[in-house]
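Here the structure comes first, spelled out in structure tokens, and everything after it is commentary.
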Amino acid sequence: MIDKRVPDLSAAVAPIHDGAAVMIGGFGSSGIPMGLIHALLDRGARGLTVISNNAGAGEVGISALLREGLVSKVVCSYPRTPGSIWFERRYEAGEVELEVVPQGTLAERIRAAGAGLGGFLTPTAYGTLLAEGKETRVIDGIGYVLEPPLPADFALVRGEAGDRWGNVRYHATARNFNPVMAMAARHTIAEVRTLSDTPLDPHSVVTPGIFVHAIVEHGERP
Amino acid sequence: MIDKRVPDLSAAVAPIHDGAAVMIGGFGSSGIPMGLIHALLDRGARGLTVISNNAGAGEVGISALLREGLVSKVVCSYPRTPGSIWFERRYEAGEVELEVVPQGTLAERIRAAGAGLGGFLTPTAYGTLLAEGKETRVIDGIGYVLEPPLPADFALVRGEAGDRWGNVRYHATARNFNPVMAMAARHTIAEVRTLSDTPLDPHSVVTPGIFVHAIVEHGERP
Amino acid sequence: MMRLTEDQIAARLAADIPDSAYVNLGIGLPNRVAQHVPEGREVFYQTENGLLGVGPAPLPGQEDPELIDASKKLVTTLPGAAFFDQAESFAIMRGGHLNIAVLGAYQVAQNGDLANWATLDDKHPPAVGGAMDLVAGVPQILVIMRHTDRAGEPKLLERCTYPLTGAGVVNRVYTDLGVFAVTPDGFRVVELAAGNSLDEVQAETGARLLA
Amino acid sequence: MMRLTEDQIAARLAADIPDSAYVNLGIGLPNRVAQHVPEGREVFYQTENGLLGVGPAPLPGQEDPELIDASKKLVTTLPGAAFFDQAESFAIMRGGHLNIAVLGAYQVAQNGDLANWATLDDKHPPAVGGAMDLVAGVPQILVIMRHTDRAGEPKLLERCTYPLTGAGVVNRVYTDLGVFAVTPDGFRVVELAAGNSLDEVQAETGARLLA
């Protein structure tokens, strides 16, 4: 039987090991798997590479992982969200490495990893500092940068509803990076507001269960 | 006001000119914009390049375009569906050019065009006849082929429901190539079973209206 | 020679599909494997036109003309199914998310090369479909086919003579004469159809069989 | 000097957004443009976190914490809106599907170069967000900004000194002193804020203005 359900948040994050690369969905305050992040905080895996659009804010979520010194590298597009206090502190102290990736290139690199592609040519960042050292080429007068896929060991995603097959659908703008990250990790863990005994409508599914390895209910919205 | 509705099928296909590259959605008998194809047949634009997964079957759809001699080139993955009589006849007579593209590469090349990418590296077809003459490279022991984007002048797609903003949702496996083709054409024409005065639920939309330039109701299923 | 029927070959292969597997079945004989998976196993079939969780043929009166599989046959959905578009469907295939693909073949070579998309016949247009994507992305490639072609020529060979679908991709071959694993040393006999000797099967094979 | 207020600059830019346009508004001042689009025009705003058809702020009691824009502010949806994921959102931006992007800037050069993502200040981490994707894919790039920085230094320049967001991408610049088009010959004055002379505005500009 296909059953991706795990009993609780701490069981869900148990496989995450020291040194893992972990994708974390969400944008701003929406679609963040806050329950899983805090379970990971309790677990205390160290030396993590966090791949996410932002670098957290306040004393919660990714910011709390940074505060506790669990993160050695951040790959993101925008680490300067107001309130990114712990990222800034760790960054200024040289305690965390930063790779800044344009937001669309970040999404596309993650998707490429999930889709088994070896890379892609994007016009984004051509002629800028973020293309330095990268292979480029001009096609029909447009400059492109060759960008590699970006996979991860784990992905933590947050959905509105899920079922035992691992199918997930999302609410409003909480979708954001969650579907592409779910594709790109060796082991994807989904936190959903409601985990149903009955299957989701197959038309409503955004992340097919094949991408999800563990699913857990966490009713609270971040 | 944003209003993509056009009064009928013949008005919808009126912009399609001789020599145009036309993407046509559908797989097997599902999700084919049959109303638009037959309106195009009546219009009689010649020298068309047809980009589709199959090359038609029987006396309808793409097969009818081939029968009437309107098609000079077919780009597809599988031109040997049972009943592809008109494609076979034109091909054997040397009257139509054929570019065979692996199905996933076809979908991804179309998506790349819609997403503004300059190409991508795929492991598909590496080491085969279909990679001959193409740029290849080996990354971490895996061979990849560099594939270019595949855009078109027009895309004809078929959906279940649409609204005046051009939003489209699909039924079951009729989705297939329609969403990626809608992204990749300069001018996308959507045929939908029901065209509603009220907007679709924004969660249910698969093709956002921004990709659609004209939308027309055609109740009959192919 | 004792030869398995097509349904017997399909049943033999089906026995090797574990519970909870995600599987893509090619058109034709591979498609028949679904009917033979042992009771009690929940296997999820993907069809590349955009569905994971393909169910059996619909009951009369319940057909949905827009719910078909890659063979263009009417199907149903299993509980837990999901629809998606073509780009995502091939992301599933190419991205390594499926466990097993079952394909037909014109030829399989002892190094795992597969030829199943084009012959050297100029009269017919080549047609590749999704086969090259599957062999590029699915970790277990199982081939199901007759041991010899209609002319009696062997299809298990030292080297393919038809254009390749993929190089070194096949893991196992299921035929009417047995089950054969592709190993670094060549074809290893996993089992022979009851009643045949290795020598008899070897005589219909174009590469050396390892016991 | 007569200087337009931020809302006046936003209103001036908004007047140039045609009916039925698809528009992306950057964070901060660009975002304020939506409040000034003339009545009777249906303009569709995209927010890169996954929504096309962004509506105004919700009424009290109708807030949805999972319905936000790129500024992380609570929003609503307009009739005809659609949600999508991040990869598709940037396909819309990079793929040339939007008509207009409105961005803030640190600096704009007379050849259309834009600098709006990083300063030379080592203390702060660089943050790029979606700006480089927008300038790569959107055909009309409109910049809205103060004419000079807080220290009174010009922001319209012969050449940018900060790292570029994109080369030769800006079409027009809207400031508190006027509207300036980027042409092959440099900045051309489209209009000056009422009450200022060309000479006065030129004095606050780091590149030659063409009348």
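As written, the chain order gives the labels A, B, C and D, with residue 1 at the start of each chain.
One rule holds for everything that comes next: a contact is a pair of C-beta atoms (placed from the backbone, for glycine too) under 8 Å apart; a residue touches a chain by one contact, two chains touch by 3 or more.
This is a predicted model, so every value here is computed, not measured.
Chemist: Which chains are shared contacts of chain A and chain C?
Modeler: The shared contacts of chain A and chain C, listed by label, come to B.
Chemist: Per the definition at the top, count C-beta pairs in contact and tell me whether B-C or B-D has more.
Modeler: Result of the comparison of B-C and B-D: B-C.
Chemist: Roughly how far is chain B from chain C, centre to centre by C-alpha average, rounded to an integer in Å?
Modeler: It comes to 28 Å between the two C-alpha centres.
Chemist: Determine the centre-to-centre distance between chain A and chain B, using the mean Cα coordinates as centres, and give it in whole Å.
Modeler: Taking the average C-alpha coordinate of chain A and of chain B, the gap between them is 32 Å.
Chemist: Would you mind pulling out the distance in Å between where the CA atoms of chain B average out and where those of chain D do?
Modeler: Their C-alpha centroids are separated by 35 Å.
Chemist: On a C-alpha centroid basis, what's the spacing between chain C and chain D, in Å?
Modeler: Those two chain centres are 54 Å apart.
Chemist: Which chain D residues touch at least two other chains?
Modeler: Counting only residues that touch two or more other chains, chain D contributes 51, 77, 83-84, 87, 90, 93-94, 136-137.
Chemist: So which stretches of chain A touch two or more other chains?
Modeler: Each of 108, 111, 115-117, 122-123, 171-172, 202-203 in chain A touches at least two other chains.
Chemist: Which chains touch which?
Modeler: Chains touch in the following pairs: A-B, A-C, A-D, B-C, B-D.
Chemist: What part of chain C is in contact with chain B in the complex they form?
Modeler: Those residues of chain C that touch chain B are 47-51, 64-69, 72, 77, 83-87, 89-90, 93-94, 118, 123-133, 136-137, 163-167.
Chemist: So in the complex, the part of chain B that touches chain C is made up of which residues?
Modeler: 27-31, 53, 77-81, 87-88, 91-92, 98, 100-105, 107-108, 110-111, 122-130, 170-180, 206, 221-222
Chemist: Report the residues of chain A in contact with chain B in the complex, numbered from low to high.
Modeler: Per the touch definition, chain A meets chain B at residues 108, 112, 115-123, 137, 139, 142, 144, 169, 171-172, 202-204.
Chemist: Within the complex, which stretch of chain C touches chain A?
Modeler: 19-20, 22, 42, 44, 46, 51-53, 77, 79-84, 87-88, 90-98, 136-137
Chemist: Mind listing the chain B positions that touch chain D in their complex?
Modeler: Touch residues, chain B against chain D: 1-2, 111, 113-117, 163-165, 167, 183, 198-200, 202-203, 205, 208-211.
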